[in-house]
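Should a chain be cited, it is by its letter among A, B, C, D, E and F, assigned in written order, with residues numbered from 1 in that chain.
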Amino acid sequence: MATVPLIDDEGASAEVRAVFDDIRATRGSDFINNFWRALAHDPALLRATWERLKAVMGPGALDPLTKEMIYIAVSVANGCSYCAHSHTAAGRAKGMTPEQHGEVMAVIGMAAQTNALATALQVPVDEAFLA
Amino acid sequence: MATVPLIDDEGASAEVRAVFDDIRATRGSDFINNFWRALAHDPALLRATWERLKAVMGPGALDPLTKEMIYIAVSVANGCSYCAHSHTAAGRAKGMTPEQHGEVMAVIGMAAQTNALATALQVPVDEAFLA
Amino acid sequence: MATVPLIDDEGASAEVRAVFDDIRATRGSDFINNFWRALAHDPALLRATWERLKAVMGPGALDPLTKEMIYIAVSVANGCSYCAHSHTAAGRAKGMTPEQHGEVMAVIGMAAQTNALATALQVPVDEAFLA
Amino acid sequence: MATVPLIDDEGASAEVRAVFDDIRATRGSDFINNFWRALAHDPALLRATWERLKAVMGPGALDPLTKEMIYIAVSVANGCSYCAHSHTAAGRAKGMTPEQHGEVMAVIGMAAQTNALATALQVPVDEAFLA
Amino acid sequence: MATVPLIDDEGASAEVRAVFDDIRATRGSDFINNFWRALAHDPALLRATWERLKAVMGPGALDPLTKEMIYIAVSVANGCSYCAHSHTAAGRAKGMTPEQHGEVMAVIGMAAQTNALATALQVPVDEAFLA
Amino acid sequence: MATVPLIDDEGASAEVRAVFDDIRATRGSDFINNFWRALAHDPALLRATWERLKAVMGPGALDPLTKEMIYIAVSVANGCSYCAHSHTAAGRAKGMTPEQHGEVMAVIGMAAQTNALATALQVPVDEAFLA
């Protein structure tokens, strides 16, 4: 259970409903996942978070699947259980293959390992990286 | 300064030199960055880490630049200062443009924010994500 | 399930019971939450943790609700699921309103985002902050 | 050194200058700290981050100093060195006394400790917290 | 539920079965825990992870129980719920007594607290530690 | 530079001096490292932290070197630069050999990797670990 009530469609205020409508239209799906239903207890936070997410995750210099794989990586490193689930699902919905998923896992594991080693050894930054 | 001595080429044992040679050949560059020189104080750990990194970061279902951007993301989320520097440099060496770098930053920032919100709200995982 | 047994009142040793009694008296409530029942498998650790918590969280230069909101923030950033639940509940018990809770969430999300960006960009500390 | 160039006033585009002007006006100070100068390499990210920060950190149900102390707490838990410096300075600028600072430190330390213990023991969430 | 299917013995390919057999032989137990069954959806990642774990966790300059207690400590600090459970169980299987477990908990809690304080105060590294 | 002034022996109040004296006597060394000099700006926090550290890190069911290696591991996983330096130095002062240090590094790296994989895959806890 969440630390706040989840807002279903019936309980949504007009302000919340407008955001839910935009999520549905943007994603081309009727499904509103629990993250947004939890945020909806605070309509201003819901709106600000959704507006920014929509702007950040749309196509640009990087394609949406690449962005989603980066999102998975951050979510895992931050230890967010909900986010690991939701963004792995989102990656698949955007076409991530099992082979790609496996490689994302391998890079995440490798990075976690060398991050720990670099921190343990307190490696000084090379001059070449500061140029 | 590191918590261990950095091993320069003169101080490298035959075992360490063999790994340094492979790093140079694989990367097509004479430069050995400090991470490997620090790990070299423990030749077995150096070899195992390099062999695995080479296998994970080579081309596969994902291209090397995509892997490098995922590596940056994990390094930042893990708070590794050295790794943020070294993998940003590696991304650029693999062709990451300023626009792509900017979008990686934006996704990392967005993910950090929603990771925190999902954890704060303890959002339950949707049934749809468990299917 | 915990990695250690939870100690109920019947199973509590005299040493554990004395701490439970002090928790009840301090809080003006009969309820002992699971954190203390888990710690109780190690009476010395239970006592040291409770004594320090009582000293830190009492009134001082900051009021108890402000301290509780800081505690929520740290717990979320550390990814502690139990703690997010228990300290959100504690905040409400100390009078945190939905509006205040919403603002705590917004600050946590904002801080997580700018923390990630500052780490990603490896921003050097301004001279002005070191004076 | 940062992983991107810091933008000084002379090098700022009109878009960046507009944000810098708003930061100066909002804060009543001519000082622009390095975080914003680093973000300025990406004017859209600069603007989005500043606009959101301004909205979140202004007065509301919580006073600005309380928000700043929560910001310090998150920054420390996320291990952001730059942010620990900048938000401690910001807290002082908003009137945080040494006694308040000491209590923020004590709560952060206490929370880090009990977060770790709750995770180590994998304490199940009490029914009472889910009501 | 995991983000990938768990592979049971019947569903295991020859490559996966070979790793499962080695896990069983190495541990002298028929039990394969879920971590390996989840990794088995990617046989190359399963093999690389198991081979490295076997090499790292075997006897050496440190005995296996000491290594396991270090593993518990890292897992807790990284907020990995599964790992806190699995490595606490592994520690007990290797002879960790309740008294030793209690001291591991106390050190983890103490370290988390002083880590947070050192980061909050941004303590400069002593010259003596850099020699 | 720290976010608070470091207190040298001349600037120490009687209360701080008493703690410094106990640190010197306990460690059999005249050296007071910067962590304590930073904490000394808040004598009550200094005393509470030192008293608890002394109790936790003394001999018990685990020997002091084993405790120190666990402390290194937590400090690295928490990304504390100061602590990685100070506790690596402390480990060496307590007799940690280069071989032992190398194995601590290898376990930390391995744990970081499998922690990330278990979180990425959201592996469900085995029934056997809950018994």
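The rule is simple: contacts are C-beta pairs under 8 Å (C-beta built on N, C-alpha and C of every residue); 3 or more make two chains touch, one makes a residue touch a chain.
Computed from a predicted model, the values in this text were never measured in an experiment.
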Exercise. Can you name the chain that lies farthest from subunit D, using the mean of each chain's Cα atoms as its centre?
Worked result: E
Seminar exercise, completed: Per the C-alpha centroid definition, the whole-Å distance linking subunit A and subunit C comes out as 27
Problem set entry | Intercentroid distance (Cα basis), subunit F paired with subunit A, Å | 34
Seminar exercise, completed: For subunit C, residue numbers touching 2 or more other chains are 1, 3-4, 45, 48-49, 52, 74, 76-81, 84-85, 88-89, 102, 104-106, 108-117, 119-122, 130
For this session: Make each chain a node and each touching pair an edge, then name the shape: line, ring, star, complete, other.
Result: complete
Problem set entry | Touch list for subunit B against partner subunit F, complex | 3-4, 41-42, 44-45, 48-49, 74, 78-81
Exercise. Contact residues on subunit B for subunit D in the complex?
Worked result: 79, 81, 84-85, 88-89, 98, 101-102, 105-106, 109, 116
Seminar exercise, completed: Listed in rising order, the residues of subunit F that touch subunit E in the complex are 1-4, 31, 33-35, 38-39, 45, 49, 52-53, 56-57, 60-62, 66-67, 69-71, 73-83, 85-89, 97, 99-100, 102-104, 106-126, 128-130
Exercise. Considering the complex alone, what residue numbers of subunit C touch subunit B?
Worked result: 72, 76-77, 79, 81, 84-85, 88, 104-105, 108-117, 119-122
Exercise. Considering the complex alone, what residue numbers of subunit C touch subunit F?
Worked result: 1, 48, 52, 55, 130
